[in-house]
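When the chains are written out, they are named A, B, C and D in that same order, and each has its own residue count from 1.
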Amino acid sequence: MKAAVLVFPGSNCDRDCKVAVETTTGAQVEMVWHEETSLPSNLDLIVVPGGFSYGDYLRCGAMASLSPVMAEVVKAANAGVSVLGICNGFQILCESGLLPGALLRNSGLKYVCKPIELTIENRKTRFTSAYGEQKTVWMTQGNGDGNFFAEPDVLKGIEDNGQVVFRYVENPNGSANNIAGIVNSAGNVLGMMPHPDRAFEPALGSADGAPLFHSLMRVLQAA
Amino acid sequence: MKATVHIFLKAGVLDVQGKAVEGALNGLGPVQGWGGVSNVRVGKVLEFDLTATDKAAAEAEVKAMCDKLLANTVIESYRIEVA
Amino acid sequence: MKATVHIFLKAGVLDVQGKAVEGALNGLGPVQGWGGVSNVRVGKVLEFDLTATDKAAAEAEVKAMCDKLLANTVIESYRIEVA
Amino acid sequence: MTTAQKTTAELAAEYGLKPDEYQVILDRLGREPNYVELGVFSVMWSEHCSYKSSRMHLRKFPVTGERVICGPGENAGVIDIGDGPDGQKLACIFKMESHNHPSYIEPFQGAATGVGGIMRDVFTMGARPVALLNALRFGEPSHPKTKRIVEGVVAGIGGYGNCVGVPTVAGETNFHSGYNGNCLVNAMCVGLADADKIFYSAAPEPGLPVVYFGSKTGRDGIHGATMSSAEFSEDSEEKRPTVQVGDPFAEKLLIEATLELMASGAVAAIQDMGAAGLTSSSVEMAGKGGLGITLDLDKVPQREENMSAYEMMLSESQERMLAILKPGREEDGYRIFKKWGLDAAVIGETNTSGHIVLTHKGEVVCDLPLAPLSDDAPLYDRPWVEPDMEAPLGSAPSAPVGDALLAILASPDMASKRWLWEQYDRHVMADTLADSATGADAGMVRVHGTKKALAVTSDVTPRYVKANPYEGGKQAVAEAWRNLTAVGADPIAITDNLNFGNPERPKIMGQIVRAIEGMAEACRELNFPVVSGNVSLYNETNGVAIPPTPTVGAVGLLEDYDLRAGFHTLKAGHVLILIGETVGELGSSIYLREVHGIEAGAPPKVDLATEKLNGDFVRGLIQSKTAKAVHDLSDGGLLPAAFDMASASKVGIELRNTTGLEDFVFAFAEDQARYLIAVGEASAHLVLAKAAEAGVTAATIGVAGGTDLSLTGAMSLSLEQLRSANERWLPEYMA
């Protein structure tokens, strides 16, 4: 598998994502600077990492979504490349229009960092096929703006199309329909607030993030 | 020219900050001696200077800035003043 | 009555958001076709309804709210409009 | 020199210089300093920069050891932690610093900039910050200011650390009326570096470019005391506030740029601009190098218009660095600063003059010999007397054990701090093995890419230090050592943050002297050197000083993190063994204060030989995987510790009083050098036998199982009820 992790000014989970992908899949991961106007060739996976791109100033993910590299990510996503946005990455994907909806301030108005239980709502996606029969997973979460919002008709569309991939067992932030992660309608772009990149081996308290990366490998091996 | 942009959450989006401020103001009211408040909305305001010198052109520029960056029209609406 | 409160950082206090937004707008300018901006300041705006019916009383109330809760007067200043 | 304004002793006094201090300046210069020069002297000779009241006592600390690469004197302490994955030598760099006063004035920004400042001390030496801690002391909960300060400080710490992307893994939080007028915010940062690539501040040679990079300079923090709360007025004659505002995004860029610049090989010396900004950084770099320096202030990146030389030199704008580059390496610098979007400029040069010369708008505005700034810095042997101390406690009043436990667990100091640490990102960097949520006595992060881990903790028990500064000083160090031991780490070194009242009062000075002596003794006996630290004095309001609070921040090392311990790993059937002797110390205890409202009695004695013996024994049990769960006994004694273990492990504990002491004494005594450990049923006998052999006091006192915490014959309560008492207080208070 060939993967890239984007680096924006203020990204702070870029290395975490690289290590997580490399540890779980053995893939080679390239770091791609936000000013790049092209992506490495033949990528199988693009990870948009968490952190505070541009300090989260103005609106989380807004400035990063306008960077040169994101124009390339949009093209790659439209061409079917897998794109995974975690936390700030999810916010960036929404801001760039690759995913519907937006992430609002947490309903408690505070940053919340805690381990969180998720149900896997759609185990047929290319990001979840390796979860087998596992019903719920644990990952940690840390954000101030993880409260997913979409207009009622958009939300209905997401639900009806099976685009909800992860749901919170206990809603930590007011997210609509307890949504923790969604895919686009084509199924190749996943955005999620919890961090699989902080839950990929037992020493970190949970290895439940690892099957997410294994799933992507599986898709490739099948192809 | 000088631009002022007001950005608020759209009507259908719950303004949690506004609700919290409303709760706090009403909670303090009896102690501090002010009356009740309602419909609190919290938004952002940006002020900046533009190089554009023509009002219509400036407005068009600021509108583009809002659509592109300053506001997220999925959740926010904005109001522009140029002077 | 209706109150509008604008809250900005005082002059001289570093406006980190303003700095970042200015950088982003100017960076995008050549691509998006807008001119340069400067002196970007990002503030908060609150709007709410008051039960007070007298303008002077309302202003006094809102001022108290600002001093007590809405603004951090160590670093922020505010402007009130009541109508 | 034309920089007009003449200075006088009166003006000097306004800037905090005593008449005799001003006289030294006149004698050394042979003339009156100008306004800018006086500013330079006043900050360099401030308590904060010169440690004039504490320096001669700080010398009592042991500062060397086999693992110490660099002790106090640089930006942070450096210790050797062995080899890395590629054979390189690894170093851990750490320090603690206070931001007490700014946090009281503006809690959010004060705390945020405290976190930013301590990180800069660490990465300026070449380390990537990998963990943050914070030790917080607030006024009593009922004080009208407390809640707002808690809210702001916690949001500020989280807001800064989370954004930069360094996990906040541990800390401590106390509430006491003694802090009503002076909260304490002590922040600690721990970083990792290559031991062969440590960067220092001394300028190595003349003729090198001096580069400023980071954020622009504004008027922040100049004369921090004169802050206004003037309201908005249309005529913009508002009084300029001087609060420093933190920009964590800029800090993140600064870290990346600094580390990249260092890796490029361009850096000859480097220093962050902390307190006293450009003044202390330039004076220290040139002074330590025995050189001279010229700065052209017109080149300094400025955020505001018409800044004077004085303002630029005294500004405490955040997120700025000063580096001396190797010859001809300016281009490397500019490339890197541009990449990270930072302002930068060559603002000066090193030379052999032995002077600091500043020019502004074509004029020399300051020309001072560097030597007197450091050599003649005031050093005071302030008069001191034995501080007030508590007499030994007679007999303690009793109370029903269950009620007392509920009251203790729900008390502000003992209540869960979840509300607070859930606002901190504790997992970024994906190397956190233990954090505030874990159920372990210290935070723990992996040394990236290795099996090693660093354990970190911050400790002091102010009520003990107040009751007996010497014993309390010892106890602070011993508790930190114990907390590291309890997670299986080898305790290596400490940093400290000495928070006290006005040192010009002999009793306060006595607290400082005695606490330092106690700490120093513990450090010597436990082979636990002090490698960095910070002193914060004058923490008092209306003549009322804070309780003496010498915070200890400590670092330990695990060679193999698979051999770590916590107290969340208890399982039904485990046997509980109490290590250490319980004689029933209740002086200045949590029990007395929270149950009976009594703050009195000598604090528990700390026997350092026993600490070492018991701790080494427990660490051995962890390393041999015999101990399945470990918790040290501290605030509140045995029963609260047992609650922590049961609650974190979600299994009950049944204890019995094996001593002749009354149940409430057994339950809540705060005797030192004790641990509660859990072992498999089969190994319990062996552990007791080994303990006897080693001369360690040990007794089987219970077993794990069920869903209650009980002390046979004295109390039995469900974990559920206890947990809710423990979790409820802080969120309800903050609501």
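Convention: a residue touches a chain if its C-beta (ideal position, glycine included) is under 8 Å from a C-beta of that chain, and two chains touch if they have at least 3 such contacts.
Bear in mind that the values here come from a model prediction, so they are computed numbers and not experimental data.
**Q** Among the remaining chains, which ones contact both chain A and chain B?
**A** C
**Q** Steps needed, at minimum, to get from chain B to chain D via touching chains?
**A** Each step joins two touching chains, and the minimum needed here is 2.
**Q** Chain B to chain C: how many Å between their CA centres?
**A** Centre separation, chain B to chain C: 9 Å.
**Q** Quick one: report the Å distance separating chain C from chain D, using the average Cα coordinate of each chain.
**A** One centre to the other, that is 36 Å.
**Q** Chain A to chain C: how many Å between their CA centres?
**A** Going by mean C-alpha positions, chain A sits 34 Å from chain C.
**Q** Of all residues in chain D, which are in touch with two or more distinct other chains?
**A** Where chain D meets two or more other chains at a single residue, that happens at 247, 249-250, 341.
**Q** Give the residues of chain B that touch two or more other chains, as numbers and ranges in rising order.
**A** Correct list: 44, 68-70.
**Q** Residue numbers in chain A touching 2 or more other chains?
**A** 54-55, 57-58, 63, 66
**Q** Please output the residues of chain C touching chain B within their complex, sorted ascending.
**A** 3, 6, 8, 18, 21-22, 24-25, 28, 32-52, 61, 64-65, 68-70
**Q** In their complex, what parts of chain A are in touch with chain B?
**A** 58-59, 62-63, 66, 94-95, 101-102, 104-107, 109, 147, 149-152, 174
**Q** State the interface residues of chain A toward chain D in the complex, per the touch definition above.
**A** Listed in rising order, the residues are 9-10, 12-13, 15-16, 19-20, 50-52, 54-57, 110-115, 140, 142, 144, 195, 197-198, 200, 203-204.
**Q** Please name which positions on chain A make contact with chain C in the complex.
**A** Where chain A meets chain C, its residues are 54-55, 57-58, 63, 66.
**Q** How about chain B: which of its residues touch chain A in the complex?
**A** Against chain A, chain B makes touches at 9, 12-14, 16-17, 20, 44, 68-70, 72, 74-75.
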